[in-house]
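What follows is subunit A paired twice: with subunit B in the first complex and subunit C in the second.
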Partner chain A sequence: MTSPKPRRQWPDWLAGYALLSPALLVMAATLAAPVIALFVLSFWSQTGFDIDRSFTLANYWKLIEPSSEPMVWMGIPFPFAYPVAAILMLKSLVMSLVATVVVIAMAYPMAYFLAFRVTRHKALWIILLTIPFWTSYLLRVFAWKIVLGYNGAINTGLKSLGIIEAPLEFLLYNPIAVMITLAHAWIAFTVLPIYVSLEKIDRSLLEAATDLGDSRWQRFWRVTLPLSAPGTIAAALLVFIPTVGDYVTPTLVGGPGGTMIGTLMQELFLRQDNAPLGAALAIVMMAIIAGIVALFLWAVGYSKMRERSR
Partner chain B sequence: MAKADSIISISGVTKRFGPVTAVDDISFDISRGEFFSLLGSSGCGKTTLLRMLAGFEQPTEGEIFIDSEPMAGVPANHRPTNMVFQSYAIFPHLNVGENIGYGLRNAAISKDEAGKRVSDALELVKLSGYGGRAAHQLSGGQRQRVALARALVCRPKVLLLDEPLGALDKNLREEMQIELRALQRTVGITFVFVTHDQEEALTLSDRIAVMSKGRVLQIDAPEALYENPNCREVAEFIGTMNVFSGRIAASAKGATTIDARALGKLQARGTSRKGDYAFLAVRPEKLKLMTKKPAASMNAIAGVVSAISYRGDRHHFLVTAEGHDRPISVSQQNDSDTKSTPMNVGAKVWITWPATTGRVLSH
Partner chain C sequence: MLGKPSALFIYAIAFMIFLYGPVMLMPVFSLNDSTFATFPLKGFTTRHYASMLANTSMILSLKNSLVVGVIVSVTATAIGLPAAIALTRYRLPGGGPVLSAMMLPLVIPSIVIAVALLVIVLRFLHMNLSLWTVGAGHILLCIPFSMTVLMSRLEGFDKSLEEASRDLGENAWMTFVRVTLPLAAPGVISSLLLCFIISFDEFVVAFFLTGTENTLPVYLFSQLRFPNKLPGTLALGSAILLGSAILVVAADLLRKLGVQSAKPGDL
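Right after this comes the complex of A and B.
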């Protein structure tokens, strides 16, 4: 008697990984491997032109080594022997935070308009939003150099109108220029997730709020904003996480006052030839950002939000 | 102007959306404490009318009064109405208690008073102890109750319900109908109920407005609508109706004879002008099937049974008669002991009914 040979079925989890494998390979090669390399590197040390591969915590110790004479920056004492890392870390976090707040403050109304006011040609509006991406990031940063520069658009414009006599020097090469540039570069990324979360809100919920006595503003605070929070939080993280470590923008428009932690890392790796210390700094930065993000998500109750949007 | 006992007065209201007229010159009053239904198929304008009462849409023409106050220019959040939405519109980010208390935040009452009213409302809809539940943990029936409690807790003068039972399965729907009716009697608030389900409207309502193409065809109590429809459209929308057409052969003192050509002369209640084209409407349960030709005083049509369906409490027959294009529905109660029906498909039968059970309709 012959019975049909049972077809070998892959278990679901294996089939899932098989489908994921191309993406997983790319991720492993470009993300996991460099991070692991960086992690290993941070426990080695630089001796002249060579790298000493014996395990050491010296790099991490250097970043937090206390000093009896604290360095004061912006009125805040930094009691470290190597204070520049901590100062730039704090400065980068603050600058990114400001840029993130500015981005969300500008992107939210745009997304709101798109979700609630635009009724026709929505696709066209969304395409228009992507226009900044049609040029490279570098060019967009350079464009701000032209706008804000000594002989830039703003200065020559104001001069020809007779409002100012000499070009304003405070426009470029400072933290504000960095924040403006970062905000502009990232805003287009944030409109879409906010838009999606607004678009998903059932319109009858808004009518119900009105029906129960809410004015437009009350309704916004009590229904629209909380229900769009998941997308808005995602958008904020999308800006905050990558901008902390950004080094192109501070290098091009930041000047000496606008340096960020990424600038220091680049210095350590390339000019000061101390890759292990740079690696340790990068790992610490990642840990700090991860910690801040986790704390933030916990504070806003993100897991609860996800549960109910299911 | 509004009558003294009417809570809602609709006067010449028309609503146009561009070239489409959704509601076409409607006028009627709803009495205080009434359970009033707007019944019609989709697109008849019933929901638009309800949304105009709520303040979500403004009439293009005409006026709406609620408790004698003109509503023109009064936004939805300042109207003495609350709504139960078709989708229930339960706020997903708030728990049951917060949902129900939502409207009380806008009312000038203390926190204690609000808390008491929320727990009273929970009790009213039989959800005591559910205040802390998350919205996504509720079943369909529970969501419906929360939506009801959330609207009632604001103590509106009028509660507007937009097909609130449509999403529930049949058994739950019937259970909720009974509860809804009892609830309305308890709170005494005027309910305006939109539905496309005629059975639901008949079960629940004190009065029903049957709507079609933006107009109101008839406003009446359920029995009156069922027994005395004023036109063919209402007759056919509410329940099943057999309609025969022909010219009026004679009409006097509320008794009319219609010449239904091949079907012969048929008699019915109502008055009409001799020679006019008219309809005779008669319900399936008023008809009887007989195997022999009945007495001459009765209406009688000869036909052949084309289909029989068993409905438990009754049998439903379709009978084809020569000269009538649609099969005639006949419903017979299974009230005798006989287990099977004596009629079979293909049997020649006489359909018969007394002159008093049919009704003449002019359009």
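Right after this comes the complex of A and C.
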């Protein structure tokens, strides 16, 4: 009888990290190092074709440098020497915020329907909601250009029905077109996370609320909505954070009036060749988004909320 | 409630129309016998598809996208699988933060990822932009998705099968090859498909990081400005939409297959 070979046992953490190491190396090379490089570059400066590597805060100063003659945009004075950055930043934040609110308001009832009302063909509903999630973002945005354009589907459709004489010009190339398109393009990302948080709710809690005399609306406000709030908030952040820096939508359907901060970043890096200023802008944008998100999560008491819904 | 459609059901149908309506115009107009995407429709034609297939620069960028997509999906899945095993099978100190870090690409605007990679490639490494730099960016974007799919598959089947294999004398590698891999296969395949689609459809990172060679979305974007190229663009767009939809359904069916066989006795 041969005794079994003694197993060489690595400690769990060592074996685990050995298995994780390829992924961690890739993350370090493609995320950590590039972000550090971006951060370093934001303290250098562009001199013609060359980069001056001496430390400077000039790029950050340029973004906030005050000026005595404020530029007025939408009735708000922007007292900056380079006001375009601050204006586009505020505009991008407001536009994404509106798009996010619209997305959540539209996605929540759909997710609710899926979680509580669909009994048959649930898998079919889910796959129908999943497909747009995975189809080309570029094409989903482009579709709105076909819908809203001067010679687009709405205009030519209404014209051939005899409802309008001349094409409506206000449909495309404005902030509203950008917000509609953003909402449509990102809505597919939100229904499923909200659905998952609704599906997890213990049904006996709902029965208890009814047994204790809550009406359907009271039950929704006091039980369903609070318990699904963490998933809904997570879904909202998954829309808000990436859309602030979106480049495709403002470029395709925004026109001159619908530009966003991503448009300026692309200009600085690829056209004006001022990468250090672009880097500072990217860093400031990420810091502002992170700050807003942290403030928001703190204000709604997100960590406590998650504890409760566990 | 039976019989009469509820308000929520009507809402759900309207939601689906909003979701699919605009995108569905693309195939409709691509089969319309006109150079403009306008109503009323003129007549049925497939000539836009024929001219699309005759377009050599389009075919070239399609080839680039296929090559990048395959390399990215294989790489992202190959590094994702051991990582997913580590996070589901080992007691790891710091496992939670590591997983959160791997999900970061989901919550960083892709333009920031794009410019950060652009900066390190051009200003620090002094390398040229190429399809390789695009691929590197795409692998990063795929990691959260590959991890999610693989981890949920690995959590879906019984760990004791692997323990049994070890107890019966197989070493760690043979246990992986003969037990873990076959059981994880549906997850691996759906990770491959999903990462392929992500790379194939991705625009912003590819737009910033590509050199002289275009990927298909970058080519498509360059065509969107020219109104006279519209019919060909619509045909190409419709073909991409159909292709992605087929892949998504395939990935989903495979995942379902996996979930079913996870039940004991179904093996």
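Going forward, the second predicted complex is superposed on the first by the 288 of 310 C-alpha atoms of A that agree within 3 Å, B and C clash if a C-alpha of one lies under 4 Å from a C-alpha of the other, contacts with A are read in each partner's own complex, and residues count from 1 in each chain.
Keep this in mind: a contact is a pair of C-beta atoms (placed from the backbone, for glycine too) under 8 Å apart; a residue touches a chain by one contact, two chains touch by 3 or more.
Not measured: the values here are computed from a predicted model.
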item	value
Partners on subunit A (subunit B, subunit C) - clash or fit	fit
Subunit A-centred angle between subunit C and subunit B, computed on Cα centres after superposition, in steps of 10 °	80
Touching partner for A:51 - first (subunit B), second (subunit C), both, neither	second
Contacts of A:287 with subunit B and subunit C, given as first, second, both or neither	neither
Which of subunit B and subunit C A:76 touches, first, second, both or neither	neither
Touched partner set for A:218, first subunit B, second subunit C, both or neither	first
Subunit B versus subunit C as contact partner of A:164, first or second or both or neither	neither
First, second, both or neither for A:226, with subunit B first and subunit C second	first
More subunit A residues in contact - subunit B or subunit C	C
Partner chain in contact with A:208 - subunit B first, subunit C second, else both or neither	first
Superposition-derived minimum Cα distance between subunit C and subunit B (Å)	14
In the complex with subunit C, residue positions of subunit A that touch it	4, 7, 12-13, 15-20, 22-24, 26-27, 29-31, 33-35, 37-38, 41, 51, 106, 109-110, 112-114, 117, 123, 125, 127-132, 134-140, 142-147, 149, 151-153, 156-157, 159-160, 184, 187-188, 237-238, 241-248, 252, 262, 265-266, 269-270, 275, 278-279, 282, 285-286, 289
Residues of subunit B defined as touching subunit A within the complex	54, 56, 75-78, 81-83, 85-87, 89, 91-93, 102-103, 105-107, 134-136, 150-151, 154
Subunit A contact footprint on subunit C (complex, rising order)	6, 8-9, 11-12, 15-16, 18-20, 22-23, 25-26, 29, 36-40, 78-80, 82-83, 85-87, 89-93, 95, 98, 101-102, 104-113, 115-120, 123-124, 136-137, 139-140, 143, 147, 166, 169, 194, 197-198, 201, 203-204, 207-208, 217, 220-221, 224, 233-234, 237, 240-241, 244-245, 247-249, 252, 256
Touching residues (chain side subunit A, partner subunit B) in the complex	202, 204-205, 207-215, 218, 222-223, 226-227, 305, 307-310
